[in-house]
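A, B and C label the chains in the order they appear, each numbered from 1.
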Amino acid sequence: MIERAIGEEDFGARLAFDRGAAGRRAVAVPQWQGRETPLPAAHLLRDSVRLPELSQGELVRYYTALAQRNFGVDTGSYPLGSCSMKYNPKVNDVVASLPGFANAHPAEPEAAQGTLRILLDLQRALGAITGLPHVSLAPAAGAQGELAGILMIRRALEQRGELGKRRRVLVPDSAHGTNPATAAMAGFTVTQIPTAADGAMDRAALAAELDGSVAAMMVTLPNTLGLWETGIEEAARDLHRVGAFVYGDGANLNAIVGRVRYGDLGIDIAHLNLHKTFSTPHGGGGPGAGPVCASTALAPYLPAPVVVEGSTGTLALHRPRESIGQLQQFHGSVGVLVRAYAYIRTLGLAGLRAVSENADLNANYLRVLLEPHYDLPHPRRVLHEVVFSGSRQRKAGVRAYDIVKRLIDYGLHPPTVYFPLIVDEALMIEPTETESREDIERYAAALVAIAEEAERDPEALEEAPQHTPVGRLDETRAARRPVLRWPGPETEPCGSKGTVER
Amino acid sequence: MKGRAGAAPTPYIPNTDADRAAMLARVGLASTEELFKELPADQRDPPIDLPPSLGELDLLEHLRVLARRNAAAQERPSFLGAGAYRRFVPAVTGSLAARSEFMTAYTPYQPEISQGTLQSAFEFQSVVCELTGLAVANTGLYDGASATAEACLLAARVTRRSAVALLEPIHPGTADVVRTYAYGAGLRVDMIGSAAQMTGEHAAVVVQQPDFLGTIRDIEPIAETAHAAGALCVTVVDPLTLGLLRAPGDAGADIVTGEGRDLAGPVAFGGPSLGLFAAREVYLRQMPGRIVGRTQEQHGARGGDESEASPRTGYVLTLQTREQFIRRERATSNFSTGQSLLALAFTITLQALGPQGLREQAALCYQKAHNAAARAAALPGFAVVERGPWFQEFLLRGPLPAAAVRAALAERGIEAGLDMSDRSEPEARAALLMCVTETTTEQEVDALVAALTAIGDVT
Amino acid sequence: MELPADLRYTSEHEWVRLDGDEGTVGITDFAQEQLGDVVYVELPEAGTQLVQGDTFGTVESVKAVSDLFAPVSGEVLERNEALQDAPELVNTSPYGDGWLLKLRVEEPAQVDALLDAASYRSETESA
């Protein structure tokens, strides 16, 4: 639990910019001792950049205090639905920072054969795991992987001469917002497919949309309700029959890793989130990595680069023949890729199968522990996550928002709330395989206790959380009168010149 | 899994056989296989060819062997830049950014327990605004090139135009990424040699500072030309250079993008990276990515009269109606997971340097580079191409084709600059793009001079 | 729920007040309550031609965006600049200081054809 630190009452009011004193410094930079070359003409230069002036100790204490005001997987249970917040193995951080990897220059791939070997073997492993053998590790995160995949489909349709008439991408209404946003970025319009009562896609509604104007369907497997898309193989066949592609959003691969492969189900292309299934640390919002795995038909369009092995065993970066191009200036989130490789090498196939086995068992265990206390809109066996509704508590005036704020007081990180959009007062909980039976029981006990509090004293929940560095924050105020930078609106708007004012 | 009966299957999975048995009983299943019963039976449990698992000791050894296969393991003198620069990053940066409360958190959806991530992101936005001379910044995008592509999409949205102009010389990777994004958005990408070639069709001109051949540009006349054409000026920067160079926002740039990776940590084969993105305030609601805002506790959030009187300051994700999870297909971008940890590290570096240290580091880089260039230019058979003021990269021509000089340097254990023989600029064609930064030592420059001398003697 | 009798309403929860050929447009008390705290309003500039039924802007809360639909056709004469600094006026005074646009109404008959207060009330109650 993050308890409010003793000391400054309003810590957040003072940024690094507001601390220290003119003339202090946290690091000494050596002076040039040789012959001085004159600087460029004055109109190309500036005076100074306004930055904080802190001693090294002050800076370290400030950022240490900030770290203590954060909750990570290392702090406690973090069952954020659809995010697979599992434990991040420390050895993976160690190997990624080995000097040979850390100092390799991206413009000289021939001198980075060790890195390329890892990338090639990771491509092969992800190809084997997904059954989609052609892999590019270039995308920086899942959303960029989605963009790559849909652009590849666009290019394939263009080459077939069908882009003009295939303008629509079908997206289930339970999908992550990145799916429709990606389709729009790739120049397609979005048709939403409703969810049926059993939590799977409404197959009749899907059938009614299938015609020659469809470019692709984007589907998350399992879906964001934590449920298997029953009949996905037939749906994929139907899409192929009308000449459309099937895109797989691999955000939830953790549920089925080692059990079934996207390629075997008829998926043409999928992206994976290595910061989910493959345990790389999320860093409070990245870096991630979002490799795309493609069928042979789509392989020519993969984003550059992909790693290939030459006849002499030398590895090289390669631009596929009809590549959609690069997604980043260089070769992707290599430091993240090395961690994912180390994870796969540690687990092997049996370990990966144990991941899905225990992730799904944990989610179902949580389901049965909580089912008497919270509404379960789709009362089925789930895979890796379970989506409850706070609708019963809402009747007592308690919102899902209040429930999760109260969870914080129990020292637990809340689940995802208000998503998927199709579930009223959604509480989307994904424990992952790295939580123990006791962790699941503790989490369930907290939620049961909160359900009782919601009946007994609903108003009290509106006061939660009580024991955090700050209480509930005013998001309306933040959005109405945005303050987005130091020094804030009351100070003179700054140019780049001038010195730090105290 | 093999191993002792009842053991947990991996070091990362706590459930033992006994745990699983108890949980299965409660769930009402006979075995964990039943968890997967809805998956198509004929596709279940396929053979998947993966190498055998390694214990931690073997894994470390395996990866050490691979790391040693990289030439970088030998700490050769390097004069390679071209978009990735080996920078001085203070020790505090790595030490603080590696705190696991930062490293193992997700996107800060619960602000009460994410103030560390949020407040440091606000520091980051502030630092980026100060560096660029612009009013608003987001919490970072994937890398400098994709940030530049997003800037082009923004420009196309606000101008309702469907072409962008990239001013040469620009990093080919940047141009490539802009083309990838432009393909989806239906934008035409024109490579232009001078800002005068802009037309009323262009939503923006993209100008790299310093340019791809290392030369410092005067942004102001380029921005004026862009504005006269009704277009935006997007400037792509190397942030260290802004310790000395005029803030692009002051010179008229409407959007500034850049690559922040090298001030956050090692080059690491180019990734993960950090895209900087700042803009004039008028474009705030068209910006891609996450934005953090400052606010205070809700009235009465603490209960009790005393704290109601003085709500505490806090930070939240804000202006989120731009984003994909609310606006879906009408969002400004599909952006979700970004580069928070690198943004944190970048911020710590800049704040550790402070105004004085940043200027000194930029000046040290400038002086070392100019000293090395002067020494190389003095060697018989070698010349540095004159293209105006420059910062840390220069074009070096030798007595042999660039590729041959490069190979000869490699034989002597030196990582040379990029071979520029495929460039369209005539002055670049026979040259190497040599880079010297603040981390280049005098001994490394000595080694370069000795090697170049030997190459000159042979020819 | 407040519903002034002198206004006309649309099923998209906008209201129009006609004064000669000048129409003032806003969103209803019901709409502002559904939306919650309004944090931003995006409106077209004066001179923009609106066609009845087209989207002409958005009104945003912290977590939601709602499109605005032109209740009648006409040219925008003025937008409520006060909302840029004080979007909360839409919540506190939806029929007064929280108005959105003033229009030169092309066909006043379009206004007459909109819902009266009673019809609008029954629509919202059945919804």
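The rule is short, and it goes like this: contacts are C-beta pairs under 8 Å (C-beta built on N, C-alpha and C of every residue); 3 or more make two chains touch, one makes a residue touch a chain.
Not measured: the values here are computed from a predicted model.
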Determine the chain that sits nearest the middle of the structure, using the mean of its CA atoms as its centre. A
Could you quickly compare B-C and A-B and let me know which has more C-beta contacts? A-B
Could you tell me the distance, in whole angstrom, between the mean C-alpha positions of subunit A and subunit C? 39
Quick one: report the Å distance separating subunit B from subunit C, using the average Cα coordinate of each chain. 45
Could you give the separation in Å between the centres of subunit A and subunit B, each centre being the mean of its C-alpha atoms? 18
Which subunit C residues touch at least two other chains? 40, 60, 62-63
Can you list the subunit B residues in contact with two or more other chains? 326-327
Residues in subunit A with touches to at least two other chains are numbered 475, 479
Would you mind writing out the residues of subunit C in touch with subunit B in their complex? 40, 42, 60, 62-65
Residue ranges of subunit A touching subunit C (in the complex, touch as defined): 418, 475-476, 479-480
In the complex with subunit C, residue positions of subunit B that touch it: 285, 320-321, 326-327
Within the complex, which stretch of subunit C touches subunit A? 37, 39-40, 60-63, 87-88
